[in-house]
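Structures given as structure tokens follow.
After this come two complexes, each holding chain A, first together with chain B and then together with chain C.
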Partner chain A sequence: MRSPTRILAGLLFALAVLFLFFPILIVAPMSFSGDRFLGFPPRSWGLTWYQTYFSDPGWLAATWRSLRIASLASLIATLVGTASVVGLARLSGRWRAGVTGMLLAPAIVPNVIIALGVFMLALRFGTTDSEVTLILAHSAIGLPFVVMIVGAAYRQTDPMLEKAARVFGAGPLRAFWTATVPPLAPGILAAFIFAFFVSFDELVIALFLMGGSETLPVRIWNDLRFEINPTIAAISTFFVVVTVLAMTLAEVLRIRATRRQGSN
Partner chain B sequence: MTSMSLMTVTSEIGAMTQGRAPIRFQNVSRAFGSVVALDDFCLDVKAGEFVTLLGPSGSGKTTALNIVAGFDRATSGEVFIGERAVGALPPERRNVGMVFQSFALFPHMSVFENVAFPLRMRKVAAYEVRARVERTLEMVQLGGYAGRRPGALSGGQRQRVALARAVVAEPPVLLMDESLSALDLKLREDLQEEVRRLHRTLGTTIIFVTHDQGEALVLSDRIALMNHGRLCQLDTPTTLYDRPASRFVADFIGRTNIVPIDAGDHAAAIGLSNAPDGAVALSLRPEKLRRQPPAFGGGFEAIVQDVTFKGAATEFRLQTASGLSLRMSEARATALALPEIGQTVRLNVVPEDATPLYE
Partner chain C sequence: MMRFGERLTLLPAALLVLAMFAVPVAFVFAEAIFTPGFSLAHFDRFFSRPVYLSVYLNTLVVSAVVASICLVIGYPMALFIVSQPPARRPLLLFLVLVPLWMSILVRTYAWMVVLGREGIINGALQWAGLTDGPLTLMFTTGAVFVAMVQILLPIMVITCYSIMTEIDPTLVRAARICGASGLAAFRKVFLPLSMEGAITGWSVIFILSMGFFIVPALVGGRRDVLLGNMIVNQVGQANWGFAGALAIILLVSTIVLLGLVRLVMGRFVYSPREAQA
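Here is the complex of A and B:
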């Protein structure tokens, strides 16, 4: 049945998707341009700009730095966030609400404010321009995502599972690892991927903290300010593909983790 | 855990496994702030006995069980499993089996791994794990299901897996909290039979929690009826049914007519004037009331207010001349014709069938 409202809804949906994908529709063809300057539509085609990206030591260094920072930051966020979720469940009422609020705050506070705060703190300790400082700041902004995703998965698990493990002979740690964690695993992995891209994409805090050694977003930013060349289109296209694949995986995992567990 | 302490744990468990253990609640109280969930609770469960904790919602049944399992601690008093006071032992060192209402099967493990879990925690050798898991699954009629995930089983099958997991390590004590309540009536009856069979074969001491009095009557050696965290009466199902000690018990177990002794002299009006001193009321089971042919003298009259067909029996709501409302349950085999609503019938009751209640 094709009612007019359904056709209208379909049309609106298509428009929305087009709107969201429009930048990519422009950028992706430009990345395969053979021209020397950014222009649309390209007048010739080629893989020159991908070659430039993959052979330029500056770009590669920035990429590796970003990957390193994002891996460590998301690892920390995932560990701390998961531990918080489990710990929060053991707190009662008012405390839980308060602590949850604090853990979620970095998702609401604008990154500029966080950047400024971290920068001033780092100035005092003399740790500006340090990857460690950036990793810690990024783990803080990744934390809310972990708390939300793992928290949702945790609420779907049966609290009796851990008790069951205990009566059947497992100590507290063993029970946690054998009964509580495995049903959460897909949620934890999804949270890790989200936190990874929160860090990998992040520009503002990195701008404040990484004067000398650029992360990938900082390098793109700096490059854009001087000249607009198609390397950026190539990088963007490459990472859009990587991000879409990873986020799809994360979303599939998240949905699996949030669905009712099989044992109920 | 060091290997040293592991050895002591294993030997402790070994010592407790000698047959079945008695369980004793000795003046156990548990308060949650101002709510007293268990109030000076005393109960002796003999080795190998099947005792049901029965009581209305909030009467402290789960609290009592949690204290035995080690999920909760008594505010005062002590629980003994065998000869041993277990108050300070964590759940994993009490060697009890448990069946949860929500099944609590590990969703990421196969049926086999679920049932093997207690054996693995006890470091049983692999070949023996396999043999015992297979035997236990056979016992609950789930022979072919070892490879499945709990998610791919029906409710009844899941509860059978949970049963198998609870008994596979042959614990001297088995705890069941509303274990069958999540299942529908037919399945519940099947599982009740299963539980009885398991109890006969294994001889484990069982504490079973339910608020379903029918289930308690079917399963138990003895029933501990609880109210407001206290033990009201501890007796065999028949004694509890035939000789309830209080109005609360008489009303909770089965259905009954409470005939007050003081007000309006209802008891005398239906020929029950022989109540002992101190009794405040009489309990008269609906099936103890009998209709008699109008030609006979004696007995008393009542007006039929409602007639309900209940399969094997017919139920009547009646009112006596003194204004007492009575329920009567009558086997359908009776030769007497069914009365109409509003009609007067002649009834008869044997004084010995009425149980005096003292509170």
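Here is the complex of A and C:
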């Protein structure tokens, strides 16, 4: 009586997971098509579209720009966010809730609205078409993820460690660096990876702000509005593999960072 | 002295959020209201033209429908994961998480490939002899729903799952021992306890859907325009004030609607504090 329903439930779950993976399972093999147009199944196989991507100066420039912006934006978000987690822990009840809410707000408000505001302000100050503006805006939307991930890891650390370091004569900075940071490291690295991909994938702020110099998402967006370019299948597959590997690492680190204390 | 120094570590984050979020959003409000003197002309224009109103209603309907479809599929998925032995759960959760990490742009592109005239679905249908010519799957409302649900579904599963793992399984067992049928135990004990996760998941997906513009722009038809698309189009035409008004309408209606959802659905959430009173 029980087992048929169980099998049915398992089948339905598998079907839903298949639905989640379906588009990428189709695009990945098609990126190895040797045909000039995308059709399924491909008539011939080859690395044509990967070659196009890795030899096209426009695509490469957009990719490097995105990598540069995402690296700096996630670095800023991680540093600033980790520092804020320490400060938040020192605040009392209502203040902590209020400030946390403020730091998390950029994750809740649609990016279109943030993009519009940042763009209009940048117009006023003449700072459009500037990678600096885009990096700072991306840091702000990556910040909530750092505050959530590092914050969760910080709550698992033992405050006595830092106190002990202080008792043994370490200054406040040294005590923080040698006693508090090491157990937080996996959480900080996980937060960095999350913030990196928040920036790397972000379209609308870059679209408004960066007129002439396209980031990778902007380049993909501009291409997709005219035709379904097979090069994008190759780029998609390439970056899906990179993203999934990096995020798997981030997820493992995040889980380890939040479990560390609880398991002993 | 020490404590003050440690609180200073909040300063860079506060400045960043202020400069790149709070001030810009406030600026959008100001731009929409002052044109250049105080006026509600932009809002008047929005609410007096049927074209804009239909886009507005469409955004609300699409977001609510996408959130509801995600709930109907995602809640049972979370329930399935929780029903498995704890050792197997991380793997199942991982399967749901992986698609979430892929770029929304990439996933939308994948749907364009799948649903296109020469796409795999049309190819399969014609190969099987079910249809003579290619069906129009792209640029339809259905395509928008399919792609949005695929993009947002993992969030529902994770939200429901995280609440369900907090539920003490002995409570359901107690209900069964006291004579409740399996269905009754689920409906009277498990469902109210997990309702919080369902409402949170629904709300998060509703918020995210309200701001969507990539999916409707790429796989939707001319009638599937959402508020997000209108904002992007207005920015393209340099109508800042009107774009700002649209942004405010989007933000305020999201907040008001979520407040209403909380108010109405709050009755169905089991709250331990009320039970003790």
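Quick note on the criterion: the second predicted complex is superposed on the first by the 257 of 264 C-alpha atoms of A that agree within 3 Å, B and C clash if a C-alpha of one lies under 4 Å from a C-alpha of the other, contacts with A are read in each partner's own complex, and residues count from 1 in each chain.
Criterion: contacts are C-beta pairs under 8 Å (C-beta built on N, C-alpha and C of every residue); 3 or more make two chains touch, one makes a residue touch a chain.
Keep in mind that this is a model prediction, so the values were computed, not measured.
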Partner chain in contact with A:Trp64 - chain B first, chain C second, else both or neither
neither
Chain B or chain C, by number of chain A residues touched:
C
Is A:Val27 contacted by the first partner chain B, the second partner chain C, both or neither?
second
Is A:Met160 touching anything from chain B or chain C once the two structures are fitted on A? First, second, both or neither.
first
So, does A:Pro182 touch the first partner chain B, the second partner chain C, both, or neither?
first
Looking at A:Gly169 after the superposition, I want to know if it touches chain B, chain C, both of them or none. Which is it: first, second, both, neither?
first
Who does A:Leu143 touch here: chain B (first), chain C (second), both, or neither?
second
Overlap of the chain B and chain C interfaces on chain A comprises residues 172
For the chain B and chain A complex, residues of the former touching the latter:
1, 69-71, 90-92, 94, 96-98, 100, 102-108, 117-118, 121-122, 149-152, 158, 165, 169, 175
Of chain A, residues touching chain C in the complex:
9-10, 12-13, 16-17, 19-24, 26-27, 30, 37-40, 76, 79-81, 83-84, 86-88, 90-91, 99, 102-103, 105-106, 108-114, 116-121, 136-137, 139-141, 143, 147, 172, 197, 200-201, 203-204, 207-208, 217, 220-221, 224-225, 228, 232-233, 236, 239-240, 243-244, 247-248, 251
Inside the complex, what are the residues of chain C that reach chain A?
2-3, 5-14, 16-17, 19-28, 31, 73, 76-77, 80-81, 83, 92, 94-99, 101-107, 109-114, 116, 118-120, 123, 150, 153-154, 207-208, 210-211, 213-214, 217-218, 228, 231-232, 235, 240, 243-244, 247, 250-251, 254
For a test of understanding, state which residues of chain A touch chain B in their complex under the given definition.
158, 160-161, 163-172, 174-175, 178-179, 182-183, 185, 261-264
